[in-house]
Each structure stands twice: as structure tokens, then as C-alpha cells.
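Both complexes shown next keep subunit A, but they swap its partner, so subunit B is in the first and subunit C is in the second.
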Partner chain A sequence: MNARLRWRKFVSGFMLTLTGVCAAISVSALFLILGYLVVRGGTSINWAFFTRLPVPVGEVGGGMANAIVGSAKLLFLATLFGVPIGFLGAIYLAEFSGSKMAFVVRYAADLLNGVPSIVIGIFAYALAVLPFKHFSTLAGGFALGLMMIPITLRSTEEFLRSVPVSLREGAMALGASKWKTIATVIVPAAYRGILTAILLAFARVAGETAPLTFTALSNSFWSPGWTQPTASLPVTIYNYALSPYEDWHRQAWAGGLVLLGLILVINIVARGILARGISVSRS
Partner chain B sequence: MATSSTTVPSAGPVAGSRSFLSRLWEGDEIARLITFVFAASVVLVSILLVVELWHDSVLARHRFGLSFFRTSIWNPIEGDFGALPFIYGTVVTAGVALLIAVPLGIGAAIFLAELAPARVSDTLEFFIDLLAAVPSVIYGVLGLFIVVPLMRQFIAPWLKSTLGFLPLFQGPAYGMGFLTAGIVLAIMVIPYIISVSREVLLSVPRDQREAALAVGSTRWESTWKVVVPFARSGIMGSIFLALARSLGETMAVAMVIGNDPKIHASLFAAGYSIAAVIANELAEATSELHTQSLIELGLVLFLLTFILNGLARILIVLTSQRGAGSARA
Partner chain C sequence: MATVRPAVSVNIPPIVTNTAARDSTAALAMRMTISKVNFFYGSKQSLFDINMGIATNKVTALIGPSGCGKSTLLRTLNRMHETINNARLEGEILLDGQDILKQDVTSHRRRVGMVFQRPNPFPKSIFENVGYGPKINGSKRPIADAVESSLRRAALWDEVKDHLHKSAYELSGGQQQRLCIARALAVEPEVLLLDEPCSALDPISTAKIEELLVQLKDSCTIVIVTHNMQQAARVSDFCAFLLTGQLIEFNPTPQLFTTPGDPRTEAYITGRFG
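On to the complex of A and B.
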């Protein structure tokens, strides 16, 4: 083996090891983040965190009960608004539309998906806050719902398209009309994939903060009804982390742990569903 | 008597394209119409988004014109608004982020696509996908409580003592600033670069590798001189995607950049970014002009990410088509 070859082999081994190091660093970031959050959040979390309202500045204790309920309300609205549009739009794309219309809708969805969440927030602010002159749960839910549309739409369409043609043909051959085929054969066959798509969209907006800072704003108290500003978990974490109070920092860690736990669990469940197969077997 | 029985079968259109009325009767037309409305509403929303951004920034656009992008004074009380410090902060932090994230991300993607056994690669990819799902406010909290103190105590003093002759690494370091924001952004976009680059590298046909190895290149030479150039445009696409992400990232940046609308040569100095100023000031904007200036900033951000995302998509599609094309050939 001459020196040149030995050098090339050395470079090869060295660079390949380096790529391994890059991968190790990147993946260990997740464990560092998780570990640190669990340690800091775990020691901060207590029962009051889930059940109590925030206490006035200076007092120790209190919790984020209003923010947890606020987040639940916002996500409920977002799902109510975003999922039907995404789901039914996807049915149109996969089952009815011609290629031109499909291209336009897909393009619009990708555009919405790529827009920074803060810009979606501005849009919601212009449509749902400015005309009514006050911040509201509705406006926040609208902003989050807008963000759910493209994710639900694109993945649902993909899963609908992956249903085997033989199933469609079978239903058609039995004399079912097109919508009956869709409603009773195609959608049930793809339901796991669709469920995953909705779960992932939900997890994606659950941690969104930017568009909420000027649509749902925040609130130190319960927010009755749908037209008042409301606290939400991400915005409260943001406000508490930036505050100068040690006890609020503690609660921000606890909130971060709860939020990240929720999002990671949804993600893992969704991927678990997907791993069991997205639709009926093609055999 | 059903209406369909009056039609003589042979006189009707070919089976399969039934008359409009019968399709309406069976519900197909109704389903088509309903789903069409929902699909069309997606298009409508995206058009409305652009119109709204354009329309609601009209006051600021007319008042300042192009000088909006050249002025570095941001004074809501006097009604003077210039976007330069925000554009500067956004570009600098995104630049720092890419400088860190691109080598790391592409290195990791090469490892996952070329070296790691399929099972290891898929497992790591699963963790990387989870990393991409972590919300930005959490990265912000971690940045604020971990990266900021680290920067103040270790990273900044070390950079000053080694690279302090550069104006980039001079001046006082309080922990918050361009460099800190860039580091946090880098951690956030690495998963995107890895995911997309890995996908693109995996789509490179096997023949390419085998041919390179057959003529005597080492494993690294076949990867670096054959596989990576083959996937070059797709990898560029993943970088553009990461760039678009870091330009639009809001909360994590707002928490660690220091929120000071000034332009500094030093990376240790506090700055501001477009997205951060919108998040901080839109809810409290008092004058119409202030609101509209912020919305114009949003318009700028929209156009930037729109162009970058478009380019990224074209590049990624180009590579995967190339891979598919030569695999068939």
C-alpha cells in the first residue's frame, strides 16, 4: 500500500467519522433539550400548576389553569375551523378535481404552509381583531386554524390517493355512486392516515406562540365565552420566561415541560398509527 | 316512475358519464360542489392574505416609499419608521444560523443516508423529526436560560481572546445578541436540513455509488465527489428551506436577540428582527402608521419567504426527478 492510498483511506475514514459526529451532535440535542426540561420542569411542576390561577406579582405559588383551558379552547376552535376545510378540500383534490384546479389549490396550500406563522397572525389580526377593535379567543383560534389547513389538506390528499384503485372499482362495480364510494369505502380505508395528518397538524399549532401574541393576547384571569382575550400555554410561558421573577421562571419551565410532553406524545402516537400501515393492505 | 327510465339507453351518452340530473340525484354533484367550495376557500384565503398585507400597509408604503428600507430610525412616538435595523438583524441572525447549521446538518445527513444501516438511520430520523416538532417558544426558553449565560461567561470571552481582532467579535457581551439568536436558530433549523438532505441523498441512484467505488475511489470520495454533487440542487433546496424558516422565526429570536433596533458590527451586540418587532409591538401599536409600518414589515417577510420557498421546492423537485430519471435509464 503506497502513501497516497493510505492518505486517501485516512481521509475517507476521518471524514466519515466526522459525519457520524455531526449526526451524534444533532440527535443528542433532542436528549439534552428533553433532559434539561424534565429536570427543570419536573422539579417545578405541582398540582397547583394545573388547578390554580396566576397569583399577583410578588406572591409565590399559583398556576396556569387559565392558560391550559385557554389553549384547549383555542385548539378546539382551530380544529373546528381548519380540519373541515383541509379534509373536504383534500377530498375534492383527490377525487373530483381536474389537474389545473388541483395545481392551483396545492400551490395555495404550499404557499400558506411556507408563510411564517407571524404573517398568518397579521392576517388574522387584520381580519378578526381590527374590525372588532378587541382581541379575542375567536381571533386566536382563527389564526391557528388557518395554519392547520395546509398541513391537513396536503397529507389527507396523499393518503386518499394511496387507497388502491381496486377498492374504488369494487365499490363502483356494485353500483355505488361516487360520493357513496368516497364516504363508505375510500375515507374509511384511509382513515388512519387522515387521523395522523390531523394529529400532526394539531401538534404543530399547539405550540404556536407568535400569532397568538396579538390575536388572543393574554389574560391573568379566566376568559369567559369566546370574545375575550385569553391566556394560552405558549404565550404564558413566553411572558413568564421573560419576567424578572424567579417563581415565574419556575412556572415557565413547568409549562414548557407540559407543552413539550403533549406535543411529543401526539407526534409519537401519530407516527405509531402510521407505522401500522396507512390504509388497508394491498394484497 | 323514475325519470331515468324515460331515456332510451342507446340514445344516452356512454355509460359512466351519466346525465347531470342523475348525478345530482345520486348526490355526486352535491358532494362535488361542497368539496369544491372548501378547496376553493384555500385558494381564496391565500389570495386574501396577499391582498390584506398589501392593502393594510398602504399608508406606510405611501408615506415612506423606498426610504423605509434605508432608514434606521424606529420611533413610534415621533412617527418615524425605518426598517433597516430589523432587516439587518434578520439577515445577520439567519446568516449565523446557516453558517453553523449547514455543515452540521449536511454532515449528519450524509451519515444517515450513506453510512448508517437502514434501521439506525430510520431510528435517528425519528428523533430528528421529533426535534423538528419542538415548538419555538421552548427553544426560546432554553436559549434564554442556557445559551445566554453560556454566551456571557464562556463563548464570548473565548471568541474575544481568539478572534477578537475582527470587528465581529469586539465590544461588550451581555449574553443577548445576534450571535446568541443565530445559535438558537441553528439548533432549530438543523432538523429541517437533515430531513430533506437525507431524503434527497437517499434518492440518488445506487449505480452512481457503485460506479465510483468500481473505479477505485474510497467510500468518502464516492460520497463527496459523486453522490453529493448529484444531489447538489436538492441539498441547496434544503438550505433555502432552512433559510426561510430562520428568517420567519419569531419567538425564539425575540427572547434572545435583545430587542434593540440598532445596527452593530459586533455579533455580541443586541439587535432586533422583523418577526420579533411585529410580535412585540403589533398588539400595542397606538397609531395607524405604526400598525401599518409593522404590517409592511410583515409584507417584506412574506415576500422573502415566498421567494425562498419557491426556489427550494424547484431545487428539490429537480434532484428527485434527476434521480428517478437516471434510475430508469
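On to the complex of A and C.
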């Protein structure tokens, strides 16, 4: 009996340690990555990194200004393309479609969400690069936007559905049409959640590399307008990291640090918006 | 089968069951008339051949045990049943002599307002809540006027006039319900429907709302669903007793409570079931 009890205590202690260690590993992975990036790339982050173009191998200095601006342009296009489609599609799903239709659309969105990003890249290549015979910022924005659609759609739908029926009834009983109810009561009640969803979708595609290598390609210089190939942070990091030059490796680490920093900030802002309280009380 | 009647067989009462009562209501103008209304959720029938009138500027109460169809009947009056899939209404409901089912649904709902069981203010300020109806309906009257007069009519003005721009969620439950009444009044409805408006409130808030209803009937026709028989006795002029989707008795309130015309009414109001 006594031995049995000791054994039980041992198993309990062992499992507690094991699960604790696994939890610690999960958490520390992020901090290890972040720390490693800071150590390796921190020294290369300076004013020039954000304001200068890349320089040829051997020259000192230079930065990733074109990649940073390129990423910003790509993400702007992606948001412009993906968010309205995802948002309006979610309104249809949550407010108008029958349950069968909703099931099909939701399932398709989940599948689209699971499509490997490299496949999205090939698809965008066939649709937005081949017909025009050159790589472009537009094609890159299209590929990233495509990836934003299912994320925005699914989470916006969830937040729209969580608005209590009593609010819909309240608006309709006052003579509001269905569209008026959606525009003036339901969407405002869910706006925090929707905004969070959009930010998370944005952060999700900000680091995508594969779709861009087929569409926006890369560029060592500024990319004026929207129809030229453009540099972007993830692709530039990829190219630099594969190069045999120590200088470029350091730049790649710095680029990774900037990208991760950006994504972390977006995530924290998104959580902050949501944590300020869901705008509808649930009684 | 779909339209099988319940086992209890009833003679559907006329609009007013006894002669004395009919005399007392003969002179009354009817704001709404409900005739031969049958209502179905899918294949399940939940109202059976309802006939009754809603007297102008009076309070009409609908009472009966849970599931008797009183809320369903109330919701048909401003066509809120149409928001439910598979709901089907047969029969005729007139508002000022016009068939409500032939009107535009949004303009009909402006004429027949509704207050729900639980307070449901929008996640907006007090001002925006009350101003919502006039705003979406493009009222020509300044919204601030409508907000003030509606809040006064709902006996809430003095409590909120200094913080109209605070969130409606900061009000107490009773205040929120009066806010919802003010919001409904701001559209200037001819009829105000209330679906157990006090069931989520404490006795003091309930008393305030009951007092308010009595004041409101000067300018508005009121239909109230209530679980609470004392409440029906206190506030209503006419009272309808429903049981399993049928109108058992519809009479002036004092008469229904003192000399009920049907044994089932008597059983219900004396607390033998329900």
C-alpha cells in the first residue's frame, strides 16, 4: 500500500514536471527566436537600415528601405482586396444565407485557409503574372489578399453571429430594414471583434514568402508604381539568407527582427482592442 | 398531423363574451382587429382561430400559462413573427381598418412599436438609443426634441438628462427598460406592444413601469403580455386569457378577475394551474 502510494506520487510529480516543461518550451520558443534575432541582427538595425537601398556585396552600409516600402504596398493592396470580400461575404453568411449555403461557404473558406501558400502563389502567378508577362506589386497584393479572404471571413462571421438576437429584434421593431439593422446596429456592435480579425489576418500574411516569390518577385531598387516587381521583407530576407555573404546574413537577421517586431506589435494591438471589452454585454 | 386541435374542445368566444361587457365596449373605437388568426411554427399550430379587438387608448393584457401563445399573438401584431423561419400566419389583422399584412413591413413596425422581455438597449449612448428610430426613419423633427420628449414620456428624463452621452449599459435594468420604452415611443407609434416588460425587473422598477403604462394610454394604445396576474389586474382595461393557443376568455379586466365566464379562467386566476 505504501509503495503504491509512493509510486502514485512519483507518477503525479513526473507528469506535472513533464507538462510544465512542455509548456515552458512552447513559451520559450518565441523568446528564443526573438532573442536570437536581436543578438544576430540587432547590431545591423540603424537609421540606414530603414532609409537606404541595399548596396552591392563588399560595400559597407545600405539598408532595406525598398523592401519595407514594398511590403507596406503589398499589404495595403492585400487588405484592399481581401478585407472587403471577406467582410461582405461574412455578412452574407451570418445574416442572409440558409444553413446549407452557409455550410458550403464556411467549408470552402476553411479549405482555402488550408491551401499551402506556395499553391496560392502558383495560382496568382497563373492568373496575375502570366497574362501580363511580368511580375508586379499588383500580383503580389492579389496573392496575399487571396490568403486574407478566408481568415477575415470566418472570424468576422463569428463576431457577427455573437451579436445577440435581441439587438436585431430591437432595431427591426423600430422599423429598421434588414440592411439598416446590419449597418447601424449589428456591425457597430461587433466592430471591435471585426477589427481584431482584420489585424490578425494582416499579421498572418505579412510574413508570407512563397506567394510573393511567384508574383512580386523581388527588386534591388525602388519599385515605382504598382506594375513593377517589388522587394518585400520576407523575400529579401530569404534571398539574403541564402547568399554566401556575411554582411547579407546580418541584414537578413535584422530584416527578420523588424518583421517579427511588426507582427508582434499588430498582435498585441489586436489583443488590446479585444480586451477593451466586447462592445455588447451578454446577459 | 399538422393542424390537429388539442383535446380540449372549446367554443371560440365572440369578441366579448357577455352582454353587459359588450354593452360597455360597444362605444369603444377599435385600433386593431384580429380575426380568424391561425399561426403555425412549421407544422406545429400554436394559435387557433383567434378573434379579438384592441381598443384605442386602452391597455389590453394577454395572460395565460407559459407556451399558451400569448407572446406569439403579440408578435404577430407588428409582424415580428416574420423574422422566424417557417412561421406562417393565416387570418386577418387590421390596424385602423387596413390589413397589416398588405402594408410595407418597416412602415407598419413604425406604427406598432415593441418592447421586449429583457431590456435590449443598443451598445450606444442613451441619446443615440432614443434617437435611433427618428434617425433611421428620416424624421423631420429635430432628433434632440424627439429624444427629450420621449424620455419625458418614459419618465426617465430627470434621471438621465445630465448624461445623455453615457453608454446605455451604465443604466440599471429598470432604467434600461424605460429607455427601451422611450426608444419605442420616439417613433411615435399608435400601438405599443410589451412582451413581459417587467419579468427581468425588481418590484420598484416594475411599479414605475406600471405607473408609466397607465399614463401612456392617453396617447397610445397598449397591449401587454404578462405572466403576472396582479400586474394584469392593476394596469389593464381589458384582459384576454389564452390557453394552448386558444382564446378562452376576453373581457373587461374587473369582470374577468371577479366573475370569470369560463371555468378554466377561474382555475387559472385562482392559481390552480399555470
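In the analysis below, the second predicted complex is superposed on the first by the 281 of 283 C-alpha atoms of A that agree within 3 Å, B and C clash if a C-alpha of one lies under 4 Å from a C-alpha of the other, contacts with A are read in each partner's own complex, and residues count from 1 in each chain.
By definition in this document, a contact is a pair of C-beta atoms (placed from the backbone, for glycine too) under 8 Å apart; a residue touches a chain by one contact, two chains touch by 3 or more.
Keep in mind that what you see is a predicted model, and the values were worked out from it rather than measured.
**Q** Just checking: does A:189 make contact with subunit B only, subunit C only, both, or neither of them? Give me first, second, both or neither.
**A** A:189: touches subunit C, not subunit B.
**Q** Of the two partner chains, subunit B (first) and subunit C (second), which one does A:19 touch, if any: first, second, both, or neither?
**A** first
**Q** Look at A:164 in the shared chain and tell me whether it touches subunit B only, subunit C only, both, or neither; answer first, second, both or neither.
**A** Touch status of A:164: second partner only.
**Q** If we overlay the two complexes on their shared chain A, which of subunit B and subunit C does A:118 touch? Say first, second, both or neither.
**A** first
**Q** Return first, second, both or neither, reflecting whether A:135 touches subunit B, subunit C, both chains, or no partner chain.
**A** first
**Q** Thinking of the overlay built on chain A, is A:177 touched by subunit B (first), by subunit C (second), by both, or by neither?
**A** After superposition on chain A, A:177 lies in contact with both partners, subunit B and subunit C.
**Q** By the touch definition at the top of the document, which applies to A:109: first (subunit B), second (subunit C), both, or neither?
**A** first
**Q** With both complexes overlaid on chain A, does A:101 touch subunit B (first), subunit C (second), both or neither?
**A** It touches subunit B, and subunit C stays clear.
**Q** Show which residues of subunit A both subunit B and subunit C reach, each in its own complex.
**A** 177, 180
**Q** So in the complex, the part of subunit C that touches subunit A is made up of which residues?
**A** Touching subunit A from subunit C are residues 78, 80, 83, 106-107, 109-110, 113-114, 116, 118, 120-124, 132-133, 136-137, 169, 180, 183-184, 187.
**Q** Would you pull the subunit A residues touching subunit C in the complex into a rising list?
**A** 164, 166-177, 180, 184-185, 188-189, 279-281, 283
**Q** Under the definition above, what is the set of subunit B residues touching subunit A in their complex?
**A** Touch residues, subunit B against subunit A: 23, 26-28, 30-32, 34-36, 38-43, 45-49, 52-53, 56, 103-108, 110-112, 114-116, 124, 126-131, 133-138, 140-142, 144-146, 187, 190-191, 194, 218-221, 223-224, 244, 247-251, 255, 275, 278-280, 282-283, 294-295, 298, 301-302, 305-306, 309, 313.
**Q** Spell out the part of subunit A that touches subunit B in their complex, as residue ranges.
**A** Touch residues, subunit A against subunit B: 8-9, 11-13, 15-16, 18-23, 25-27, 29-30, 33, 36-37, 40, 84-86, 88-89, 91-93, 95-97, 101, 104-105, 108-112, 114-123, 125-127, 135, 146, 149-150, 153, 177-180, 182, 203-204, 206-210, 213-214, 217, 234, 237-238, 241-242, 249, 252-253, 256, 259-260, 263-264, 267-268, 271.
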